[in-house]
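Structure incoming, see below.
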Amino acid sequence: MGVIKSARPVVIGLEVHLQLNTSSKLFCSCSTDYIGRTPNTNVCPICLAVPGTLPIINDRAVALGARMGLGLHCEIQNYSNFHRKNYFYPDLPKAYQITQYELPIAVGGYMDIEGDGGPKRVRIHHLHLEEDAGKLVHPTTDGRMTGAAYSLVDYNRGGVPLSEVVSEPDMSSPAEAREYVTRLRQLARYLDVSDGEMESGSLRVDANISLSNADGSLGTRVEIKNMNSFKSIERALEYEIGRQNKVLASGGRIIQETRLWDDSEGVTRSMRNKETASDYRYYPEMDLAPIVITDEEIEKFKEDIPELPWEKRERFARDFGLSKEEISVLTEQKELAAYYEGVVNAGAPPERAANWVRMEVLRVINEAGCSITGFGVKPAVLAELVRKIENRELSNTVGKDVLDLLVKDGCSLEDAINRSGASSAKLTGSSLDGLIATVMEANADVVGVIKSGQDKKGGKAKFLHGLIMKESRGQADPKEAAEALSRMLEL
Amino acid sequence: MEIYELTAREVADGIKAKKFSAEDVTRTCLARLSSLEGYLNACITVAEDSAVAKAREIDSRLARGDEIGPLAGVPYIAKDNFCSKGVRTTCSSKILENWTPTYDASAISYMNGAGAVLMAKSNLDEFAMGSSTENSIIGPTKNPRDLRRVPGGSSGGSAAAVAAGYCPIALGSDTGGSVRQPAAFCGIQGMKPSYGEVSRYGVVAYASSLDQVSPLARSVEDLAIAMEVLARPDPNDTTCDAYDRPKFSDSLSLRDLKGKRIGVFAGFGAEEIDADLYGALTSAAEHCRSAGAEIEPIDLPIAVKYGVATYYVTALADASSQLACYDGIRYGAHTDGQTLADMYSNTRTVSFGEEVRRRIILGTALLTEGYYQNYYGPALKVRTKMVKEFDDLFERFDAYLLPTSPSMPYMLGMKEEDPTRMYLGDVFTVPISLGGLPGINISMGLTGEGLPLSVQLVGQRYDDARLLGIASVIERLAGRPGIANPNLPQNAEKRRG
Amino acid sequence: MKMSVDREITLRMARAAQIRVAPEDVDHMMDSINDILSFCALVGDLDCTGTPDFTWRMKKRPSRRPDITRDWEDRERFKEKAPAIDGNFFRVPRISSEV
């Protein structure tokens, strides 16, 4: 990733659409829960553009827009308004989209990311609110894309609130673009602004990419659309860098245009017949009163902002002494971070708890295909388990079995430990004897001391027992190992 | 005096006093309508059955001693661009010819809630675009004061209906004079409230930043009663101001104009305004003076010079966008096509009338990149300056008088070809709309030939109640308009019976 | 600044408005647009330096709608009357899936 070497510096700016976490649409009371719904059920006179209806703005959409803006260090505007973006298309019932154009809700700001060459600050131009369009379906009679003489329109998604975050062209590689979107999504999730799922379309990314000229001036900008996954963002941009370099190297010129990423073919394609921006015809939306946000409201929004990812990362480093890598995994999702903190607060040592959450808990939930919120083991229980391991009451390996039992059977910690003790003694009989022999061989001096009868208190034998248990990585039953050791020491 | 000659308050009082029943009133008004409608053509749809049913309901509620509203049993007519649940709403356009809304406009709900009886939906210029009510799917409405003349427009049907005594009160929409001018042409009272005073929810839009629901009546008192019913905050329209309105009828107790300063427009000479109308303006000023007001000449240089151009840029641009939703997909007329573009343009070309098509294309031009910067953009700033001009003026005046229209109602079919002259017809009404100010057309009687005279009284934004008070004083001195009894042609063929 | 349109721009604007202008009517429409553009160029004559764009001032700050969902009970009746309905969908002439 990010391995493509471009002959010219790459300049990337991104426009990220986030579907806001509201129950109802931006301008009417229809549900935003459109996925899998019967077509045209989440509709009403307002979102179907029935004559005489007027848009009424959703308070929560405004709050979420402001919240995301604050997370991006933007300045929230006391006064913002909407424009109409006029163009005909069947998914747009009014034949205009209501969108913030001249005076968006949040302006300026930045997002810090891990750039190719270390920490990097990507500037945010603005964040604005707008309504989503409906969906078009192109039925086929025989599975081909051509065939049926008509297309079908579903307005369930029409009017769903979006916030569009427009960055400055501050990214220099596809990897940085991906990192930026990752961080932006993380922020949106921390703030409960959006679920940020690319697969379902809650997060959509359009990219503007250009290659700088030899004299450092900016090249012609190409817009890339239709990138439906994190992977496709990188692939599309890498493809486009290659394409543009090739065009320029052969003496060609880059045309300012919009290209669509074709994920299956792995290419970008020029979008034909696309209306140019000037054909959209913008003008102020007078059916909606402006959004007036008072300073008090902005203060309230600020107070409601939870700990943000970077703040959490700093605190975890400070309070728990974890490595950057550990912190990165633990804070990726705020729910996981909260779980981890629950474990530590219940008395588990931070480092071992980090290790357990990061390795074991994530393994279990990945296997189960659930999320941390669906993970059945309470932080206090895991804390107790981790504490026992820290105190060497249990081996790591047994601990893992215990955890599996806790997850699988939902039993108490005590039960799980008892049951795992019996079932986990996998190193037994001759293989156990073999291990003991190896340990004895490696510690011949200690064996000599014991055999000479100088280990009156049995301390040396316990030492050997401990080594055996450690070497067996908990797979030996401690009692069986003790008996076998006695036997082999001929005590 | 016939029931159909009574004002809304007189009707409501009569019903409460059981002098006559609500059903009597509605039936009398329906009879008046059917006796004249063949000549006037003021209504697109007459809701006879539902009107009678509603009137009976009022009567039985009254009989039970239930609480009834301030307009209980008063028949009214709404312009056919007000959505009325279960009653066809055409906007006088082929594109909505068979469209029946599933909901009531807020204004309709408020009127019905006050006990008023929706009797008919009145004729208008298609989508309220016009000022003569000639440009309609059902053909032109005639002026009841003179059947050879236009009733004005676009709320010409509502104005003609009130003037002819179909009903004491009607609803229109005023974008740039669409209620005040037909009120003037038909010789009745009509008020465009301040922008933000009455909810626009359910009124099919022409221009969002200008449209206002506006009552028409034969007395200022009825206008005040209507305003009391109509003007209130509405969660369905955020441009309708949520402030607490004063009680409009209280303003009617004003006895004189002592201490009031009233400006009289003196920006145009007698040669630019019809002599009779100039005379009406002068006599209105005289009435004010005699009632104790201080009178001073005023000029409105920005409003008069730039108003019409600013209005056209604003309204046409908005109209092009407002009417884009008629795409043949979800409602309204639809004409098939091979491709999407064909379907769109077939539908819109076949089902919009010529004037509407023309205005949509003009509006589209004004919003196009390049044109926007030279037209719509500057117009937004000129409008701010115009508001400032009004604000400054109202620091010194309580209200001012100017003509509603510079000319008398013209003959049917006399289409103005010279656009500049045509625009001048709107010169006194559109600046008031652009400024969001309340404006009342007050009848000033009739000429010797029986043609109506009038004057426009304008107040500060949100000063609607006080303006009604001043208007009531002028009305007392000038005389309340009576109904028109059209001089019916003896052998003329009725358009319909 | 006064602007004008030619036949080609007239047709482009008509297309953008999704309205057909018959060949014999193009000149008339063009003249009509030019009349408006000529008359309305007046708005550029007033010096508006430093003047903000018009917007309505309101007495009371407009309220915003609480984020509560509501079903529309007339939905099916509305769909029945739609000019081009196909099952639960609204139907339009075929468009390429691109764009």
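All chains are identified by letter, namely A, B and C, in their written order; residue positions are counted from 1 within each chain.
Just so it is clear, a contact is a pair of C-beta atoms (placed from the backbone, for glycine too) under 8 Å apart; a residue touches a chain by one contact, two chains touch by 3 or more.
Keep in mind it's a predicted model, so treat the numbers as computed, not measured.
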Quiz prompt | Chain at maximum distance from chain A, centres defined as averaged CA atoms | solution = B
Quiz item: Just by CA atoms, which chain is the most central one?
Solution: C
Practice problem: With contacts defined as at the top, give the pair, B-C or A-C, that has more of them. | Solution: B-C
Quiz item: Approximately how many whole Å separate the CA-defined centres of chain A and chain B?
Solution: 57
Practice problem: Could you give the separation in Å between the centres of chain B and chain C, each centre being the mean of its C-alpha atoms? | Solution: 24
Practice problem: Between chain A and chain C, tell me the centre distance in angstrom, where each centre is the average of that chain's C-alpha atoms. | Solution: 40
Exercise. Mark out which residues of chain C touch at least two other chains, giving numbers and ranges.
Key: 16, 18, 53, 56, 58, 61-62, 65, 78, 90, 92-95
Quiz item: Using the touch rule from the top of the page, what residues of chain B touch 2 or more other chains?
Solution: 102-103, 209, 235, 238-239, 320, 324, 327, 329-331, 340, 344, 364, 368, 370, 380
Quiz item: Residues of chain A touching 2+ other chains?
Solution: 45, 48, 50, 56-57, 88, 90, 151, 153, 279, 281, 284, 286, 289
Self-check item: Of all residues in chain A, those that touch chain B in their complex
Solution: 45, 48-57, 84, 86, 88, 90, 93-96, 151, 153, 277-279, 281-289
Exercise. Going by the contact rule at the top, pick out the chain A residues touching chain C in the complex.
Key: 22-24, 29-31, 38-41, 43-45, 48, 50, 56-62, 81, 88, 90, 136-138, 145, 148-155, 260, 271-274, 279, 281, 284, 286, 289-292
Quiz item: Can you list the residues on chain B that touch chain A in the complex?
Solution: 82-83, 89, 91, 96, 99, 101-103, 105, 200-205, 208-209, 235-239, 317-318, 320-321, 324-325, 327, 329-331, 340, 344, 364, 367-370, 372, 376, 380
Quiz item: So in the complex, which bits of chain C are touching chain A?
Solution: 16, 18, 53, 55-56, 58, 61-62, 64-70, 72, 75, 78-79, 86-95, 97-99
Practice problem: Name, in rising order, each residue of chain B that touches chain C in their complex. | Solution: 100, 102-103, 195-196, 209, 233, 235, 238-239, 241-243, 302, 305-306, 308-310, 312-313, 316, 320, 324, 327-334, 336-346, 348-349, 352, 357-358, 360-366, 368, 370-371, 374-375, 378-385, 387, 419-420, 423, 436, 462
